[in-house]
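Chain IDs A, B and C follow the sequence of writing; residue 1 opens each chain.
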Amino acid sequence: MKKILLATTALVGFAGAASAEVTISGSAEMGIAGGNRGAVTQFWTQIDATFSMSGTTDGGLTFGADIDLDESDGRNTTIFPTIGASPAFAGLTQGGETIFISGSFGKITMGDTDGALDWAAQEIYMGSAIADDHSSHAGAYAFTGLDGTAGGQIARYEYSFGSFAAAVSAEIDTSIANNDVFGVGVKYSGDFGGTAVGFGLGYQDNSVRSVYAVSANATMTNGIAINVGYADLDAQAVGANDTWAGIGVGYTTGALLVQANYGTYDLLGGGTVDGWGLVANYDLGGGAVVMAGYGTGDVAGGDEIGATYGSDESWSVGLGLSF
Amino acid sequence: MKKILLATTALVGFAGAASAEVTISGSAEMGIAGGNRGAVTQFWTQIDATFSMSGTTDGGLTFGADIDLDESDGRNTTIFPTIGASPAFAGLTQGGETIFISGSFGKITMGDTDGALDWAAQEIYMGSAIADDHSSHAGAYAFTGLDGTAGGQIARYEYSFGSFAAAVSAEIDTSIANNDVFGVGVKYSGDFGGTAVGFGLGYQDNSVRSVYAVSANATMTNGIAINVGYADLDAQAVGANDTWAGIGVGYTTGALLVQANYGTYDLLGGGTVDGWGLVANYDLGGGAVVMAGYGTGDVAGGDEIGATYGSDESWSVGLGLSF
Amino acid sequence: MKKILLATTALVGFAGAASAEVTISGSAEMGIAGGNRGAVTQFWTQIDATFSMSGTTDGGLTFGADIDLDESDGRNTTIFPTIGASPAFAGLTQGGETIFISGSFGKITMGDTDGALDWAAQEIYMGSAIADDHSSHAGAYAFTGLDGTAGGQIARYEYSFGSFAAAVSAEIDTSIANNDVFGVGVKYSGDFGGTAVGFGLGYQDNSVRSVYAVSANATMTNGIAINVGYADLDAQAVGANDTWAGIGVGYTTGALLVQANYGTYDLLGGGTVDGWGLVANYDLGGGAVVMAGYGTGDVAGGDEIGATYGSDESWSVGLGLSF
C-alpha cells in the first residue's frame, strides 16, 4: 500500500496548522560513464533521498535539519572506527547532517555545513553531469578551503544586510595538535541593468595554513554567464597545490544549458596541474534532465613535478532525475 | 510530532499538481522460526521501508526510481570494500537501487533489476512465509539465471505488444575476463475461458555459460493454480547444478491461500538435489496476513554426489504486515 | 522538488480511508558538550528520523512497526559479523526494529522492545539534555534489567485492566548456554486528589541471575515531581553492581522544567559507585527546546573497590528539536 506525499504548493491551506514537519525529496541518475574511469564503458546508476525537517518556535524563530539517505550507511569510518556505524548519528562527529536555527539575529548552522570560505565563494561550475566529469577533473576546485581538516563538524553564523551577507565559522580540532579552523566570508549579489552579478571573498586559518578565496560571476540577459575564481591554498610542502585559478563560461537558452570550464593549480616549488570540463544539460521538464559531461586534465606521476603531465579524460551521459 | 502520509486514492485532486513525488511504503514480519535453522526455535522480526519516486516529463515520458531502507546500510562490501558504505549510492555499482524511464518506445530499467531471463520467467511460488521456508529449500530456484555474475548492475529494455512482452538485457563485466552477460526474454499472459494463462521464455549468455529457462502457469476460476518451470543452467563443473525443474500447485479461496511446490536439480556428472515446500496465508485485511511456511530438502555433503543426500527442514509462522 | 507531510490533525477527514500508513518524524540536536568527555569542549550535532507504520485488520486488530534511520546503518556488528549489514533487516536478529499487534486480547510486541522489567519500572529522569549528561553519569541506571543478554530480540505480551497493566516477556538465547531471559512486570498509574501517582514492579531471570526492580513516582499539582527507583541486580562477581537506588526531584512551571537526580550502586564485596545529575529544559514551542544537562559521578579504577572513587563530570547545552 503505497502512500503519496503531496506537493507543498497544493496544500498550504491544510499544512498551516503544522508546527514542524518532515519532507522527503529524491534524486536518481541512470546512464553510461566512460573514459579512463575503468577498462570499459560502464553503466551508471545512483540514487538518494533527503529528509528535510523544519519548524517554527512560538517566538517566530525558524529551525530545521536535514540528512540524506546515503549518509545513513556506515561510511566515514575513519572518523568512526566502529564497523558500520554512521557518524551522522553520534553527537561528537558529523556524517552529513546539518542543523540550523535562524531569526532576526541571523542564522546558525551546525554539522556537515560549509565553512565561511566555501559559503562565501561561488563555484565556477554550472549544470550537472551524472558522473560529475566536468567538475572533477585534475584542474577542478570546489572552494573546500580547510573544511574537514579537523573532523568536519562545523558551526557557522551568517547575517544578511541588503545585497551583502557575511559569515564566520569554526571547526574544533580535538587532537593534540589543536589546529582549530576559523573562517570568515563575505558575499554580494546584485543586478546591474539585468546582469546578475555576484562576488565572494573568504578566509580560513588553522594555525598551520592560511587560505583565502575570491569568486566573481555575472549572468547576462542574453544567457551568457561568466564565473571566475581564485584561491591561495598556502601549500606547506613542495609539490602541493599552492594556488588555484579557474574560469567557467556558460550559456542558457530555453531548456538547454552548456558550459565550459578551465582550472589550473600552481604547485609549491614549480609546476602546474590543470584541466578543463564541458557540460550540457537539456531539461525535459517534470524533474528529468538529459546530462552529458566531459572532463580532462593532467595526471600526476611520481617524477613529473615541473614537467608535462600525462592526460586523463572521463565522460558520462544519461538522465538526472529529481523527485 | 508525527506526520501522516496520505493514501493515494484519497488525494487525487490535490496531488494532481505534483510533477514528481516520493512515496514510502513499509513491511514488517513477526513470528517464530524453527527447524534446522538453529539449535532452538527463535523469534523472527524483520522490517523494511521502500522509497518509490516517480515523475513525468513535459513530453509525457514517465520516470521513476526506488530503493529500500535495508539497502542503505553497508552490506555488499565484497563489491564495495570501503567498510560500511552501501554500493547503492555509488554510480558504478548497484546496491539495490532501480531507475527507469518509459514511454511509447518501451521501458528502460537500470540498476538492481532482473535480467531478461528472470523478467520473462515466472516463479513457481505463491504466497509468503516470514522466513521464506517454502521457497528457499534445497530444491528451490528463482530464475536468477546469470544475474549478478558481473556485479549485478543491469540495464534492461522491454516492450509490450498486446498479450506479449519482450525484453533484452545487459550486465557489463569490468574484470579482465570481460564476461558480459546478455539476455533476451519473451512472455505472454492471456485468458482462456476464465483460466488465466502465462508463459515465459528467457535466455542468457556470458561467453562461459548459456542458460535458458521456461515457465508456464494457469490459474483456474475454481481457485486452483498450477505453475511449472524448467531451466538449463549449463553447469561447468562436475557436481554443479545443471538443470532444474519445478512445479507448484496452489489453491485460493476467500482470504485463504495454500500452495505446495517441488523442485529438483540434476547435477553434472549425475545425482540430484531436490526439496519441497508448503505455504499457507490467511489475509486478515488492512495489510496483515497470517503466514505459515515449511520447506525441506536434501543437504549436500562432501562425498554424496550421486548418492542419497541427508534431509533438512525449516518452518516459520507469524504475521506479515504491509503498510 | 520537496514534498510535505501533513500534520495528522489537519487531515483526519482525508486519511480516514487509509487502512495502513507510514509516517515519518524527526529529531535533531545542536550545541556544545564538555567536561571530561574529551580534551576540549566540542560541537554536538545529532539527527534521526523514525519510520512509524500502522494499520488495522478488517476484524479491528491494530498493528504497527517502527524503525529509526540511525538503525539502518551497519552498527551492531557483534551480532551480525557481516561488515556493514544492519541486524534490523534480518529475521533472527534485531537492530532496533519493533513490531506489534494489539486488540481486546492485549498487545504483543516483538523486536528491540523492553522486557517486562523495563516496561514496568519507570525511569527516575525527567527532561532531556543533548548529550544525556544528567542520565548517564556513573550512578545512573535505566532499568535495563537483563534485556540484551541474549541478543536483544524480545517478545512481550501486555494487558491493561483499569489503572493496572501487566506484562510478560521472553528473550531466547541461541547459544549453548541456553540462558533464555523471562520477565514479568506490573504497573499502576492513578490520581490522588490531583497528584498523579505511579508504581512499577518488574522481575527477570535467565537461569544465572534473578533481577528485580521497583519504581514509584508522584507529580503534584504545584509542579513538583518525585521519582524513586530500586533494583536488585544479583551480581555474580566481586566488584560488580549488586543493587541500585536512585531518586529524582523535578519541578515544572510553564515552559521550564528542572530536575536533579542521584543514584548509587552497591558493589558485591563492598564499595559503592554513585553520581548525580542536573537538567534544565525551556520549551520554545513548535518542537524546539533549550536543553542544559550536567552529570558527575565516581570513576572506577583498577584497585579502588571499597575506597573513594575519583570524580568525573560532563555537561552539554544546546537545542533539542522535534519534527
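Keep this in mind: a residue touches a chain if its C-beta (ideal position, glycine included) is under 8 Å from a C-beta of that chain, and two chains touch if they have at least 3 such contacts.
Quick caveat, the model's predicted, so the values are computed rather than measured.
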{"item": "Self-contact between copies subunit B and subunit C, residue sets same or different by half", "value": "different"}
{"item": "Superposition of subunit A upon subunit B: rotation angle, C-alpha, nearest 5 degrees", "value": "120"}
{"item": "Separation of subunit B from subunit C, taking each centre as the mean of its C-alpha atoms, in whole Å", "value": "38"}
{"item": "Per-residue overlap in subunit B, given as positions that touch at least 2 other chains", "value": "1, 3, 5-7, 11, 18-22, 24-25, 69, 72-74, 83-86, 287, 322-323"}
{"item": "In the complex, subunit B residues that touch subunit C", "value": "1-7, 9-11, 18-22, 24-26, 28-30, 33, 37-49, 69-70, 72-77, 83-86, 130-131, 284-288, 319, 321-323"}
{"item": "Touching residues (chain side subunit B, partner subunit A) in the complex", "value": "1, 3, 5-8, 11, 14-25, 51-59, 61, 63-67, 69, 72-74, 82-86, 88-92, 94, 97-101, 108, 110-111, 153-155, 172, 174, 176, 178, 287, 322-323"}
